[in-house]
Each structure stands twice: as structure tokens, then as C-alpha cells.
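Labels run A, B, C and D following the written order; every chain starts at residue 1.
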Amino acid sequence: MSFFEILQSIIPQAVFFAAPLIFTALGGVFSERSGIINIGLEGLMVMGAFVGIVFNLAFVDVFGNWTPWVSILVAMVVSAIFALAHAVASITFRADQVVSGVAMNFLALGIGLFLTKQWYDKGQTDMVERPFYTTDIPVLSKIPIIGDLFFSGMYLTSYLAIILAFVAWFILFKTPFGLRLRSVGEHPMAADTNGINVYGMRYVAVMISGALGGLGGSVFALTIALNFSHATIVGQGFMSLAAVIFGKWHPLGALGAALFFGFAQSLSIVGSGIPLLSDVPQIFLLIAPYVLTILALAGFIGRAEAPKALGDSYIKGNR
Amino acid sequence: MDYVIEMLNIRKEFPGVVANNNVTLQVKKGEIHALLGENGAGKSTLMNVLFGLYQPERGEIRVKGKKAAITDPNIANKLGIGMVHQHFMLVDTFTVTENIVLGSEPRKGALVDIKKAEKQVKELSERYGLNVDPKAKIRNISVGMQQRVEILKTLYRGADILILDEPTAVLTPQEIKELIGIMQSLIHEGKSIILITHKLKEIMEVCDRCTVIRKGEGIGTVDVKDTDPNELASLMVGREVTFSTEKTKSDPKEIYLSIKDLRVKDVRGVEMVKDLNLEVRAGEIVGIAGVDGNGQSELIEAITGLRKSTSGQIALHDKVISNLSPRKVTQSGISHIPQDRHKFGLVLDFPIGENMVLQTYYQEPFSKKGVMNYKNIYQKAQSLIKEYDVRTPDEYTKARALSGGNQQKAIIGREVDRSPDLIIAAQPTRGLDVGAIEFIHKKLIEERDKGRAVLLLSFELDEIMNLSDRIAVMFDGQIVADVKPEETDEQKLGLLMAGNTVEKAGAE
Amino acid sequence: ACGGASNEEASSEGEGESSEGGSTDFSVAMVTDVGGVDDKSFNQSAWEGLQAFGEENGLTEDEGFDYAQSESDADYTTNLNRLVRKDYNLIFGIGYLLQPAIKEVAGQYPDTNFSIVDAVAEGDNIASITFKEHQGSFLAGVAAAHKTESNQIGFVGGVDGDLINKFESGYVAGAKSVNPDIEVDVQYAESFAAADKGKLIASNMYSKGIDVIYHASGATGNGVFAQAKDIKKNNPEQGVWVIGVDRNQHEEGQIGESNVTLTSMVKRVDIAVQDVATQAMNGEFPGGEVIEYGLADDAISIARTNEEALTEDILSAVEEWKTKIVNGDVDVPSTRDELKTYVDSL
Amino acid sequence: MFSNRTVNILIPIISVLLGLLSGAIIMLAFGYNPIAGYAALWNGAFGDLYFFGETLRQVTPYILSGLAVAFALRTGLLNIGVEGQVFVGWLASVWVGVAFELPGIIHLPLAIFAAALAGAFWGFIPGILKAKLGVHEVIVTIMMNYIALYVTNEIVRNVITDGEDKTERIAETASLASPWLAEMTFYSRLHYGLLIALFVAFIMWFLLNKTTTGFELRSVGFNQNASQYAGMNVSRNIILAMVISGAFAGLAGAMEGLGTFGYLSVKSGFTNIGFDGIAVALLGANTALGVVLAAFLFGTLKIGALNMPTASGVPTELVEIVIALIIFFVASSYIIRWIILRFKKEGK
């Protein structure tokens, strides 16, 4: 394979692999920027995948070709509501945020599988009839080289993920809402004395993270897994959490980190076909994505500064 | 009467504590009104009530004659009340402008109009002579600047009643002077100010009236021109207070600490200490005077092993201790009362008792062969708590729950009790009330009289003048002058600290 | 030796005095691996076998026949014991993962009969059921070799190991038998639950020009189907095919009017389970034996649902090879070593 | 009426009851009989000595993985990598178990030690990266989990065996299995590991609360600056914390390798012993005794749940939901405490 061919196969693969992680990691960024640790991303993805699949199966006759889009929307809404559990526990009830997040992971899987058994009478759902499909973008895909690399055979949801990363960056760093949200994660009392509703902001942030986690999970389910079972979401949420930290709590950083994971995974699979890498024992290719991540962190990413108030529950009138 | 603020018979309780009881505070338009009281008297609480952070159990608040229910800082802002908190409410990673506009940002469509915001901040800052850079990040500017940002924050919100909670505790004399200028220009613009401070001199200098709180109870309000510091102090404490600490003449003996040609870089790699030479003898207190940021912190960090020096040498007696680990340095006979008690001095989540052995936990009788002996530890803590008058429910209470003064007394107890040869005390009385200051000063002099060397770092000229036997003026990383307190005055010291030579300072 | 004693003890306090009221005294149960009885795969198939057996012999669920589901590999032994203590006469362990557990428990309870599916365990009271997946895979390889236009085909395995290697070896052998020059790309996802990796591998294979992929990888295969269907959707003319595994995966391949599932290598665990249960009921329990079910027993077969794709030519070729295998003319390799010898001999 | 101490004990009990109550409501809502469901759960966990033995067996690794997470948390580190450390511990113990022929008095301790060492090494890497380069331990430990999974599989397949799916059984001399315990519990797989787990819980308590090392570890966990000021070596303590945490996790692996299974097979995914350990630690409030109790609860629910579908038709997933709710309730102890105090006031 020529270098170009390799790129041409790696890029779309990296992107579709990364897309669900991007959505979810962006959710993580929102939550953590507001000061709430979100270890429950895995659970939010599970919930999103479950809702996305179930809705798709149930309403495919109603919404026709729009079914996957409506499904991810519904998954977002339901997961946002589900995230309320984390919000109530960690913001209002002052629960340890890590504890609450861990509980979210258990709860989502429990509910998802329990209801699957109730509704389908088996451990996994059927495959959806109408998942997302890739497309070539009209006009753009005709551009030489670039068209083949970036605009052919891509999921629209992947573009959505990338666009959303920029939107998130814009919201967090350019709008009053973003400024306030970040202030709440850095110094909630300062925000409070400036008349910002700390609890309100944190609720909103956690629910956004629920919506985005649900989006990530449902996109994963509707582009890759096509059904829901205990084996649908297995660690993608934790990888997204890693992307949040790897990306230094920045939306574009998280985007980069998720794409990095996508590239590394794709490379490890394409690797066996590349002359230089084909002699490398399989095991090294298999662990390469994870080792590369550690090396990248140790080598040049280094110390990342978390939002200052991350993990602290804010108690009005306390110092 | 044209009171802008009236707080009548306020009562505020916390679980188990009555922080304010029957406190009345009336502020006239255009005055600087001092609020005075010991640590924990309830000053901050009262102001937080006024600012809407706490809700009072009883009492009434009137703003400009109208009864007001201030349930939220937003309401306080709308009523024109602004507050600069004792612990700054600034987001470190934000710029000056972002901090100021946060919560009421000028907008351009959906965006923060940052250009417009910066312009507004610049204008405001020029109008009151505050001189801040709107684009600077908070973490990169000095404490004094940060405080101005806090003031700007209130002005930006259109406050005409400003609450300043202990604004001068963290400032250098120069900065205090500038702050006073700022306050006066604010009054000039028709604003009113409530000022909390433990420094009676400041009250005498700038305030019109003064309200005193003692243990949560309102004691009364006096006209400053009709009173004097002694009266204020006794009103506050409820007994007579002596001010200048009694001390005999020092009797310096052999050299304990000697520093030769020391060079130290700070975190950013900038050389902050440049060829510094200094000696401290047994039985004397050497005060380091200087404007913050002239290398004092780096010097102390280098001596105590927290920072590496790049060249030169530090010796205790005849033993070179440069670049030893903090543990080795303490073991060689140095005690250190750190500048920032929360960050360095204490593990706030440990019981106060365990904090008492933070430097000695690995030695007998507190542990033996790696096994701790908590009985001995708490016994020791108990006796130190008694000896150093640390007010705490018991030795098992978390250090976090103690007031700043009591935390500081605990640290001093711990450090002094180790019978070191050299005590390094960095800003040992920052933010403390007169009673606590008196106590700490007495202790330091006692230690000197026992033949120990004391190196005192303070930005408080009063403290330097009162306590030191010898004053080393530090400027731009060097000791530029070595003077006796009785041969100088604050005026001259100030000039030396600003980088003038001894001759020039003497001439003026 | 003392296992018998404890067995009696257990039965004296066991709550289900099940066998007495039933139409026969025989009762049978199974323990799933972590997939569960509704995994749409061999666990489900096994359970269907038991249900059919129960129906045939008038047994009632919970008493005459039952299952216990495992949530992790630590649960196998617990579940086996649970069933032993309920006095089932015959207990199946479904899946090679249960092999050590069956062996251990069977040793402790010599009076109960056990049967392990997909693995071999020694013991007088154990009947080992294995399948000649390599035979079915061989036919899948034959079908793939006939279907491919690029002469490149792919294999996606779950976790690299003896069992899946059997699928791989048979498949490669089948394809090479048809056309020795055919290239077979073999990849393992190292997981039965990594649809994303499955999709990456499939995407990579199809983009290299491979047009038929045989997967033996559980839920990882979902990704393979997703990729094939996506290509098909965008380019209905392009030939992309998936060969399913364990059961007929026709439904998984459906996309609009067309279907990417060329065929599936069907493994009828139900037939085997029913068969062994019947033997045991009739007092002919094949204890200590290894029973291999293969093409000859119709326990292994090739699905013919996709008539459009699986043309007459291909079917007749498949039939041809099937006859050769059943007759013993062809000895299908079941390990990589055997495969090597086999390919060299071509 | 209630002292502070009683309140502290009441909170977990109330949380567990609330969790079970919620589970009952869910069962009712879906048409199951909650009494039958919980009876099945109870019988599944304690129905007779066999199941009791199995429950205790399941509790054993949970104690250790819970202690591993708790130990790290006590020193301010979130070790999500316990899962991977369990894997390498399991691998090391089995490897020593099959590779050597030694008298039991040496073989067993050696195998256990190897597991602790392997886990410690797996904790050392994120530890040193955190201490020296400030790399966030959460990402590194997540990555190390995957590396552990794949490397362990590879070693089982191609190093210890020649292309097999699982190792041979460990030599009897390296086994934790106890005929005595097994016989007493009708051949459950209860093994001597439980004693090790309890002993390690004691060690953790002793280490953290009674030794100077523990004092330093806790101090560094709360305030690195003050610890440095007090002459403690902050980096060393961070590394040490991760190493000890990893060693505990490695021992959890040894429980599986030398006790429950006696071999290691190629795994297609995580065992969840490590991830469940996070929940166990948090339920146990990161204290040694708390972890032991939480592990017991966890093991009971997990083993008992297996009996639910057979005996009452309730899907096992219900237990996952109940566990999640219990964790939520424990985490929200603030509100429970508040309610208790309310009652207390009114009771007066």
C-alpha cells in the first residue's frame, strides 16, 4: 500500500472510531469545567446506546429515514435526565463525586440490561434496521486528495462531533455562559459573590454532559454496534474520560486526544499491512495505542492543570 | 439622618456559635467607617450578612433609608453594595477583565464583548488611579494588584458602598499607602466605605468613625477624632493592651547563620537572590525589611531547603547546609514559621494534635521503629496547646476549624518547642488581632533571650521596628543596608527599601 | 470418593423434590457461560435444545429442566453446584470456558452426570461434546472462494485460541482447496465484545479489496456487519459479504432489499444437547466419551437462506466438498499446524 | 438520642435498606414478587454452607481490590488501574505456580509474593509518572488496564503455554485451596485467601494509622506543600502509595490464580474485580474495616443474585441496580445525616 492509500484508509477509520469518544469527552469537559468530576461517562454512554437502539427499533416505522437522527436526539434527552441523578447526588446532596459517578456506571448498565430483558425477553436487542450510513459529501469529496481523505465515506455524525468540539470551545471560551461555567469550576465562591448561581450552573453542566455522553453512546450504537447488549459499551466511557484529561480539559484538546486514540487504534490494525510494521509481533501493535498515549503524556503533554474546584462540593457560606 | 447603611440589632448564629448578637452598624454617606474586633469577633460575618451571603436570624437592614431584604449578592449589587473579601474572590486563570465583568458581561450578540469590557475596565481604573492591566492574568499579578481588581469589581457594578474586609493585612507598606489614596479618591467621588482592619494606626489615619464588636456583641460606635489607639484597643479586647513589646537590649553572641554570595532563582527561572550576604548571631533578632517581591521568599526557601540555590553557601554554625533536603535542614537546628500557614504550615485535614508533630513525628517518643505512638503525640499536643494558648475544643479537632490566629499559635508552638538554634519567622502575625500579635512577639523575644537566633521576615514596618535588634534591608535580591532600629525611622527605612543608598536615605 | 457422601447430604436438604411428581424421573439442566441463555448464539441454541427435549418428554421447566446463568467466570462452579444440589441427573456446561469447572465439580459428584459443550474434559461421568466447526468453516471457505472476485478474503476472529483457530483453519483450508492462490487475511480483535475494533478491521479489509469476511467473534462481529452494510448501502453494486457464525445470521445482514450475509456456519448445539440428554435418559449416557458432531450429523451446516447470493454453482461446489468430507476423502485441518500440512499438500 | 458515632453507623445501614427497598419497588413495578426475589438472593448467598462458602470466596478478592483502591484514595490518588494490577498479579502467581517445583512452604509464599510484586510494578509506572512528570494517574491507569489485559493473554498463550487457551493447573504446593475448608462447606471453593485478605486489611489499617510511613502517606495525600515543608519526600510517597496499592491489587489476582481457579485462561475482557473494587472502597469509606464489610455486602449480593433468575425469575441485573442505589445513598450521606438529625431534634 502506498502512503496515500494508507492515509486514505486510516483517516476515515480514525474519525469514525473517535466520534463517539469526542462527543462523550466533550460532555466530560463541560461537567469537569464546572467542577464536577464525571467518572460516570461510561454509564452515560451505556444509557445513550440503550435509548438510541430501543427508540430506533420501536419507531423506525414512524420516522423512516430520519429514525437515527431522532434516536440520537431522544438518547440525548433521556441521558441528560439520567445525568440528573449524578447532579442531585453530587451537587445538592454533596456526595463524593467519584462515588456518585461510579454508581452511575452500575445504574446505567443495570437499567439498560434489566429493561432489555423485560422488553425483548432476551439479553440483547435485535439489530436496528436503520442505522447511520457513511456518505460522500457532495462537491467537497470531488476535490483531489483532500476530497478522498476527508470528505469521502464519512458519517455525518463524525462531522457533527468535530463541529461540536468547536462549538463547545466557542461556548466555553467566548460566551458569558462559558465564562460563568468555568468560573464555577475554578472558584465557586467568587462566582457566587458575583451573583452567579453556582448550583444552577453545575446542574446545567452535568446535564449537558449527560446529553453529550448519551449522544456519544447512541452514535456508537447506531454506527458501530447496531444493537444493545452487555457487550456494547465496554470501556469507551473510560477512554473518553482519558481524552478529557489528555486534552487538558479543553474541548479542542479532547477532540485531539480522541482523534489520537482513533489514529492509534486504526494504525494498530492497518499496521499488519504496512511493510515496515508487518514484522512487528501482533501483541505490540495491540498495545500500541495505549503505550503511545502514555508516552505522549510523559513525553510532551505532561502536567495538566485540572479546574481548581474540581471535586469540591460547594457549600454556600463555607470557606 | 442620612445613613446609607443601617444594620440594626443583627443576630447571626452558626451551629453552636452566635457570631453576631445585637450588633448595630450605621454608616453615613461619604465616610470611611471602621469595623474593629478581635479575630473571630464576627466582623466578616456581619459584612457577609450585609452582602447577602448569610441571612440574619434577627435584625433589620436599611439601605439609603429603605428597608432591604438582601437574600443574595445580586441584590446587594443592585443596592449599590460591593464587597472586597478577606480572602480574595478571584479566578486565578482568568484575566483581570474577565474577573471584573464576570456575572454581568457586556455582550455582542451571544458573545462576551471582551474589547468593550477591557475598555470599560481601563477607563474605570484610570478614573480612580488604580492602574491595572486589563489583560493580565490574575495569577501573574501581585497581591496588591489583585486587591485593586477586587475594588474594580465593585466599582464596575456601580457600587457606592464598599466593604473592605482586612484589605491591608496582605499589603506592603507602599501598597497600603496607595490603597489609602484610592480610598480617599473614592470618598471624593461620593462613595462610602466600611473598612475592617486590625491596625489601629490605619483607623486613626483614615477613618471617620469606628464601630467595635467584641465576641459577637456590638460594643458601640466612636468618632475617631475623639479617641486614641489605646481606647480602641481596650474597647475591642475588654482590657488594657500594651503596644510596643517590652524587650531588653540584645546581647548577640557567636554567628549562627551565615550566608555568602547566595544566588537563587524562582520558579520561572528568574534570579531573585543575587550575591546575597547575611549573618545572624545567637541572641539577636534580625529583621528583613523590604518590598514584597525583592527575593525575600526565595531567600527563605533556599535556607529552609525548599528551593535549590544556584551558587553561594549557607552555613549554620560551621556546617554548610546549602541545598540539603528540608528534613536535613530542620535536623541541623532550624525552625521555620512559614509565610503561608494554610499552604505550608498545616495539614488542615489532620487533627491539630497531629499537626503539632509534623516536623518530629519520626522521632522518639512520637514514634519508635516506624510505629507511631499517638498517646505521646496527643499528650505533647495537649501541653503545647496549653502553653501556647491555642484556643481549640480539643487536640483532636481538625486544624481547618481553628481560626487563623490559633492556627498560627499552634505552628509557633510546634516550631519553637523543637529548641532550634535558628528560628525563621516569615510574616508570623499576618491577619492576626492585637492580642495574638502581642503573644507571638513575646514568644519570639523570649526565644531570643534564651540565646537563639531569630530571622524575621515581615512587610509590616511596625513589626520590624519593634522586634528587630538589627534590620537588614533587602532590595533587588541583595541586602542593601544593615541598620539598628534605634538609629533609623520608618521614613528612612521606606527609602532604603525603595532602593536608595544609606547616604541618600540619611540625607533626606 | 467422599463426593458421594456430600451429594447425599445435599439432596436431603435440597428443596426441590422435583423428580418425584414428574412423568419421568429424569431431569436435566445447563449452566451458561457469560453470554446468557438469550445470547442469540450457542447458549441460546443449547437452551432451545433443552426446551425441545423437555417438551418431547413432558418435563416442566424449573423442575424437569432448567438453566443457571453465569455473570463471570468465577460463577461457573457455583452454578454447577447449585444445580447438582437440586438433584439434576444431567448437567450441561455450555462453552469451553466451563471446562475446568465441569472437571472439578464432576470429580466431586461422581453420581451426577455432566456434559461439556465445545471442550473435552476427562471423567467417567462427563460426556464431552465438540463440534467439527472446522468442517463447516471449510465449506464457508469454499463458498467464499467461489464468491470472491478479487481472490482476497478475510477472517475476523474473537480471541486467538484453540477454538477459534479451528474456524480459521477450516476456512483457510476450504478457500485454498478451491483456489490455492487465494489470499486470506486473518485478524483477531482479541475480544468478543469490541464492535468498534471489528468495524475497524472490516473497514480495513474491505478497503484493501477483500470482498468476503468470515467472522467468528461474537459481538465484535456486529462491527463487521455494520461495515459491510454501510458499503452496500453506498454502493449497492459492490460485492461485500459477511459469513456469519454459530447460527444463521441472515437477519443481521439485511439492508433494505439486499443482504450482505452470504451464508452462516451454523452449529446446532441444540441437536447435540438433545441427543446427549436423550441418551442419558435412556440409560446410555456416553460418560467418558468425546462425541464429535459434524457435517454428517447435520449438527454443523451451511445456511442457505440467501438464495440470491449463494448461487447454484456455489451450492453445488459446497455440496461436492461436503460429500468428500463426510466420506472421509478430505480430512479438514483443525489447527494451524494441520492447516500448514494441508496447504502444502495441495 | 443518637450520638455522632451511632449516626455514622446508621448511615450505611440505612443506605443498604433504602437500596433494597428501592429494589423491591422496582420488582413490584415489573410484576415480580420482591419477597421471593430477596428470598432467592438470600438463599443464593447463605442458603447452605456451600453457598456461604462461595460467598466468602467471592468476598476475598473484593476485599483486596477494595483495599487497593481505598489505599490509593487515602493518599489522594485515584487508582482506576486495579483491574490491570489484578491481571498481572494473577498471571505472576500462576506462572510461579506452574513453573516451579518447590516445597509448599516456599512455593506458596513465593507465588503470593510474585503476585504482589507484579501488581506493585504495575502501580509503580503510573506512580513514577505522576511523581516525576505530573502525569495524571487516572489516564495512565486506564491505559495500563488494557496493556495488562493484552500482555497477560499473550504471555498465557505464547510464553507459559505453547498456544493454549489456558495455563496448566498450578502445582498443589502453590495452591491456596484447602480441603478442610472445602469439605466443611460442601466443596465450595473457599480457600485460605480469605485469611490473607483479612490480614492485608489489618496491614492497611496498621500501616496508615500506626506507622510513620502511613502518617507521611496521609499527609502527602492531603497537602503536598506542607508535607514537603515538613521534610517528607513527596515523590517517594506518591510512588510508594501506588506501589502498595498495586501490590494489594496483585494479591487480589493471586486469590483468583492460587485460590479460586488455580490457572489463568486467556480473557476476552476485564474481570471487573478491579472496577468493582472502586465501588467496594467507596462504600467502605476507604477504611480497612469499612472495605471488609463492603466487600462482604458486595460478594453476598453478587453471589446471591445468581440464584434470582432460577429461583424467582428476577433478572440478575436488578442487583446491579440495587448496588448502584446503595452507593448513591451512601454517597448522599449528608442528606441522610440531615434527616436523622431532624428526627433527633423532633424526638427531643
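The rule is short, and it goes like this: contacts are C-beta pairs under 8 Å (C-beta built on N, C-alpha and C of every residue); 3 or more make two chains touch, one makes a residue touch a chain.
Keep in mind the model is a prediction, meaning the values are calculated, not measured.
When chain centres are defined as mean Cα coordinates, C lies farthest from chain B. Ranking A-D and A-B by contacting C-beta pairs places A-D first. Look at where the CA atoms of chain A average out and do the same for chain D: the two points lie 28 Å apart.
Between chain A and chain B, the centres computed from C-alpha atoms are 46 Å apart. Here the CA centre of chain B is 47 Å from the CA centre of chain D. Centre to centre, using the average C-alpha position, chain A and chain C are separated by 35 Å.
Of all residues in chain B, none touches 2 or more other chains. Multi-chain contact residues of chain D (touching two or more other chains) are listed as 150, 269.
Shared interface positions of chain C, defined as residues touching 2 or more other chains, are 190-193.
According to the touch criterion at the top of this document, the contacting chain pairs are A-B, A-C, A-D, B-D, C-D. Chain D contributes residues 209-215, 218-219, 222-223, 225-233 to its touches with chain B in the complex.
Residues of chain D touching chain A in their complex: 26, 30, 78, 80, 125, 129, 133-136, 138-140, 142-144, 146-147, 150-151, 154, 269-270, 278-279, 282, 315, 317-321, 323-325, 327-328, 330-335.
Put simply, chain C touches chain D in their complex at residues 2-3, 6, 9-10, 13, 62, 66-75, 77-79, 81-82, 85, 96-97, 100, 105, 108, 158-163, 190-193, 336.
The touching residues of chain C, when paired with chain A in their complex, are 35-40, 44, 187-188, 190-197, 199-201, 203-204, 207-208, 218-219, 222-223, 225-226, 229-230, 233-234, 251-252, 254. Taken together, the chain A residues at the contact with chain C in this complex read 1, 8-9, 12-13, 16-17, 117, 121-124, 126-127, 129, 131, 133-136, 153, 220, 223-227, 229-232, 234, 236, 265-266, 269-270, 272-273, 282, 286.
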